[in-house]
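Listed below are the structures to be examined.
One chain, chain A, appears in both complexes that follow, with chain B as partner in the first and chain C in the second.
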Partner chain A sequence: MSVPLARRQLLFRKGRAVAGVAGIAAALLLVLALKAIFAGINDRLTAYIDKSGADVIVAQRGVDTMHMTQSALPEQTATAVAAVPGVAEARPILYAPAMIERGEARGIAYLVGDDSGGAPLPMATGRRARAGEIVLERTLAERLDARAGSGVRVFGRTFRVSGEVDGLASILNSVAFVRRQDLARVLESVGVVSYVLVRARPEIGGAELAARIEASVPGVTASTRAAFASSERRVVGDMTTDIVRAMILVGFVIGVAVAGLVAYSATLSQIRDYAVLRAVGLRVRGALALAVAQVGATVAAGFLLALALVWALAAILPRLTPTLVLAIRTADVALALVVAGAVALAAAAFPVLRVARIDPASVFRR
Partner chain B sequence: MESTLVRIHNLAKTFGEGETRVEAVRGLDLDLARGEIVLVMGPSGSGKTTFLSMLGGLLRVSAGEIWVNGTDIAALGERELPPFRASTMGFIFQDFNLIAALSARENVEVALNIGGQSGGTARERARGLLESLGTGDRLDFPIEKLSGGEKQRVAIARAVANRPMLILADEPTANLDSHHGAETMRLLRTLAKEEGVTVVIVSHDQRLREIADRVLWLEDGQFKALQALARDPVCGMLIDPAQAPAELESDGETLYFCSSGCRRQYEEERLVAASQ
Partner chain C sequence: MAGGSVPVAQRQLLAEPVKLAVTLVAVAAAVALVLLLSGLRRGMGEQVTLYLDHQAPVLVAQQGARDFLSQTSVLPEALAGDIERVPGVAEATPISQEYAMLRLHERPVLALLIGFDPGKPGGPWRLASGRAPSGSSELVLDRVLASEHGLEIGSTLEYRGAQLRIVGLSRGTSGFMTPLAFAPRTTVNALSRRPGTANFIFVRPDPGGSPDALAARIDRAIPGISALTRREVAANDRRQFVDPFSGPLFAMVAIAFAVAILVIGLAVYSSTAERSREYATLKALGLGRRALFRLIGVQAAGLALGGTVLGILLALTAARAVSELAPKYLIAISAGGVAAIAASALAMALVAALVPARFLARLDPASAFRR
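This part shows the complex of A and B:
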């Protein structure tokens, strides 16, 4: 058909079309934004691991994450790991969640105690922590108003801020660095390390080295950086899956309600047109296609608007709230597209049923 | 080419069952010639719309046959009827039934699209038709901006767009003033006499008798011979003598009236005429 009938009918009542597109966009934005927020959290969740320079992370046997778990190894483990052929460097770290306070202000951070005070992560400002000093993630430093030289309290002891690192905080938590000996002292766990970060020699792969370490050092689990990060994401994923599913369902229901209502009112207002077109010779199939095309176009426009909005949010929100990072993943866009398709199918049911029952003889009724 | 375009035989339509059963149309027989204009009149509820709907293939018959150009449309399936309607019939409605979301030209073009023409060919044909009907300067106007007469011309252009053999018009002049009503009548007459299109009009409008080759009276679902009907000498309404509310013997002739009011007026006028 060369007359763009579906488009004309859709745009004839512009207010209704805009409301329909906006409603569907809002519903899909719920799905997209939530997925992007969790993806952003996931990215930040493993930022320390990703940037640590380790090819293999060695933990207590059975442990392959940092969050929601605890790993304790004898300090000598680092020496044993360093002796494994293929290991270029083995750095022991202590790791503990901590409340960092300055006056009335406070924030949760994963406190990493290592011998370098934060290497090899680049410093945003200041220098690495020395004895009695702490490096804060920038957003936490801003929240606590704790610039270089300020004092903060951790586990009841005061540390002086020596500098800031950037890009490690999410809306859930932050990361801070102290000297390992300082953390061991406040945790009263001298002679114990949490993890050993291992750098491999160029000639050996991470997976091969991890297997070699597990075979050589008793009581440890060695994971490649990628596997360790993946386990971290899975832990948080398991915690948030139900929330995400619930919100996707909410988004779907809202989308169906909005699209269905728009399709319902649009079809009712166009019933006479459909009857005329049927009388003039349009087949039932053609009339159905016309109805479905309008629903499909509304949902497609809603999807594109939602996508544009989530891109805009991803660009704007981190500037307003640096810890709120939205990561838009292809898989999540595909999921929103599937939700949009399901919304379109469900919302098209009413017009399809109604249009299929149109009596073309009704054109003569007044 | 056979001169008869439409043959209707023993046509019947029944609605409902049991106590609610209504015979809207029964035992209709009718032949329509090519280029003929037939006006179907009758009281409300007489079965005119039902007859028109069945003739247009929009309503299934309960019994009988409707042959249009050699095809029994009563026997056509749901898949075959729409293209048959698109290629053979045109419809004109009392309320114009134009699609408000489309321009004047697009309303005609969409009928051409349904009939199988598309693109520039359809666009040009729609433009040509509207220009020939005097609405060439309203091609891209939205329907709501057109006058009643202009809307009816667009509706007529849509009806004839696919060069139909049969046009079915339902009260085509009812929403028009006398000027535009006369113009519509002229257009229908032209279509029939110059294009050979058969036109069936269902209407209460007495003015349409002027262009009709035949006037049929449909009452209680059956055609009644017009010669058997009497005309009220006061208001001109056609009435069944057997059911006339009032009658009067005058000069050896029986006059029938639609109401006692008309008979009283007739008697008063006669008295006035006699006294002069």
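This part shows the complex of A and C:
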């Protein structure tokens, strides 16, 4: 028969064990939540491109992103692209960040001038924009309280809302659609387009078609949808790398401090028990394993609690703030697990150093 | 001990130096995190308006425009002449501006590209080396961005199919996530295929003229535009850029506060629980409930204040290190922020002392004699 010493020692003071688990969970939650927020921004960042139906995106030479990017091509580029063998459809769009206002309410959106009105993106409500009309993303429409038929001001002009699309907004921006000529007029960009969205014929792959377009049409960069989206994600990834690294470091320090504190206090309060165990024959290795097992169990429980909390946040937050989407990625969970492992290893040093110095004879001295 | 007093709280705190050190480090880490996050938010606000802060106090944009960074504004450049005829205007300078997704080391790197008319305001206000751009393919790049990517005067970079040669490096132009780059306005317009246009027109009032009054006058005099003060536009930019990050930052700050309270509570609770026999003895000797609570409170306050001081020093050191090692980030720790965190330390101590106080309240004095 064996005695579950580690478990009993850990649960001897339940309040301390719970506080330790909560502290480690909070530290790991810092890492997990931040990564999930950035992953959520990334997902929404490419949502328009992902759902645009384009196999290839043609831009001004050297341009392979849309977010915070400028691209200007002569309108004839769309005709030239359409003539490339393998192209089923070449749809020019104009693209500009714009302030959309209704009364005192306002919001920034990427305004897409597209004669198809954003097809094949499904409409959540209403219909696609005609001349003088605009389609808003649902969260922006709610914020502006601009339902179908309402007027909104963009670039000093009034557009009538014709419908809503869904799932394109992040905490950073929203998306809206108008007719291309409407946008060209207000931007003094008649004869210019930003991108050409290309649909490939079934017999040709995106990469092959992109290469063919670049070879046939001068002054353009053609990217497959996957490559374009990946480039977009890399922009946000690169911008946030340092912040994520800093947060991992802080999460690690707090985690080590909390776990170390819990383990060290637990060891101190049970130092006599350890001495007794040593006196009745438990080897130093066994005593150390006991201390490490407690730290490991606390950190593991903290990790699981952090995971549960971030799942809960991912479910609750979008209901409270629809643009704040948390995306939990396996790689990010693995990263938090690595941080947790490092926390456990570092924190175990505190009790280990104390337990290793225990003199079994000390139990008989008092 | 006749006539003397025993510093029980102090002795208990110092009885286990390792535990004390770990507790202080944990509290300091949490406090430093709070200060650094709020400093980063403040720094973001300051960096967002970096370019505007160095320009003329009135800004003319396309009608409906409210900010400088987040939206498009296109005006005919000839409008600058019309604006200069408005009474009270000393000078009207058109500029073109756009986000430039540069490709450096095969990675997209974002910058804010300013197109200005050489010899006029709107260009780099401080050069670290080299000269201002004048030719059509010349560029001045932020010094920090250039050094991060091994670029120097004479280097060439490709942007939107054009080859731009770096002729100067600017100082103090590392904006939040968007360092500044400067080129002649004609170059920027050509890249955007918008000749004869400007994105904004900066207006300098006559000496002593009020920016607010001038903005209102221009707005009335010229149709199809929005004339705004720089202060107003800067506030809108800050709101657009900083507010979206406020929620997540606030959540992080809340977590850090919770961790600090937890750590202090944990440290005081565990030492209280471990010394329950000593406390029971003190109770049996007649030490009142108030004095016992004070004992707990002093320990919690000591840990909170010690950790906070250490945390403030840590945050200031980290902010300094960031400005040396990663100057593109500005962490602006304010005196108000430090004062707020110091005041919060007392609140943390109070909350953290609740659990051990409850434990002591329930402690039976007779337990001192049971073993």
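In this text, the second predicted complex is superposed on the first by the 365 of 366 C-alpha atoms of A that agree within 3 Å, B and C clash if a C-alpha of one lies under 4 Å from a C-alpha of the other, contacts with A are read in each partner's own complex, and residues count from 1 in each chain.
Just so we're on the same page, contacts are C-beta pairs under 8 Å (C-beta built on N, C-alpha and C of every residue); 3 or more make two chains touch, one makes a residue touch a chain.
Everything quoted here is computed from the prediction, not taken from an experiment.
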item: First (chain B), second (chain C), both or neither touched by A:345; value: neither
item: Broader residue contact with chain A after superposition on the shared chain, chain B or chain C; value: C
item: Which superposed partner A:283 touches (first chain B, second chain C, both, neither); value: first
item: Partner chain(s) touched by A:361 [first = chain B, second = chain C, both, neither]; value: first
item: Chain B versus chain C as contact partner of A:235, first or second or both or neither; value: second
item: Which of chain B and chain C A:260 touches, first, second, both or neither; value: second
item: First, second, both or neither for A:273, with chain B first and chain C second; value: first
item: Set of chain A residues, in rising order, touched by both chain B and chain C; value: none
item: Chain C partner contacts - residues on chain A that touch it in the complex; value: 13, 15-16, 19-20, 22-23, 26-27, 29-30, 33-34, 37, 60-65, 68-74, 96-99, 101, 106, 108, 153-157, 171-172, 186-189, 192, 219, 231, 234-235, 238-239, 242-243, 246-247, 250, 253-254, 257-258, 260-262, 264-266, 268-269, 321, 324, 350, 354
item: Footprint of chain A on chain C - complex, ascending; value: 16, 18-19, 22-23, 25-26, 29-30, 32-33, 36, 40, 62-67, 70-74, 76, 98-101, 103, 107-110, 158-161, 177, 191-194, 197, 224, 226, 240, 244-245, 247-248, 251-252, 255-256, 258-259, 262-263, 265-267, 269-271, 273-274, 326, 329, 355
item: Interfacial residue positions of chain A with respect to chain B in the complex; value: 1-3, 5, 8-9, 11-12, 272-273, 276-284, 286, 359-361, 363-366
item: In the complex with chain A, residue positions of chain B that touch it; value: 49, 52-53, 56, 58-59, 78-79, 82-87, 91, 93-95, 97, 99-102, 106, 109-111, 113-115, 118-119, 122-123, 158, 162, 170
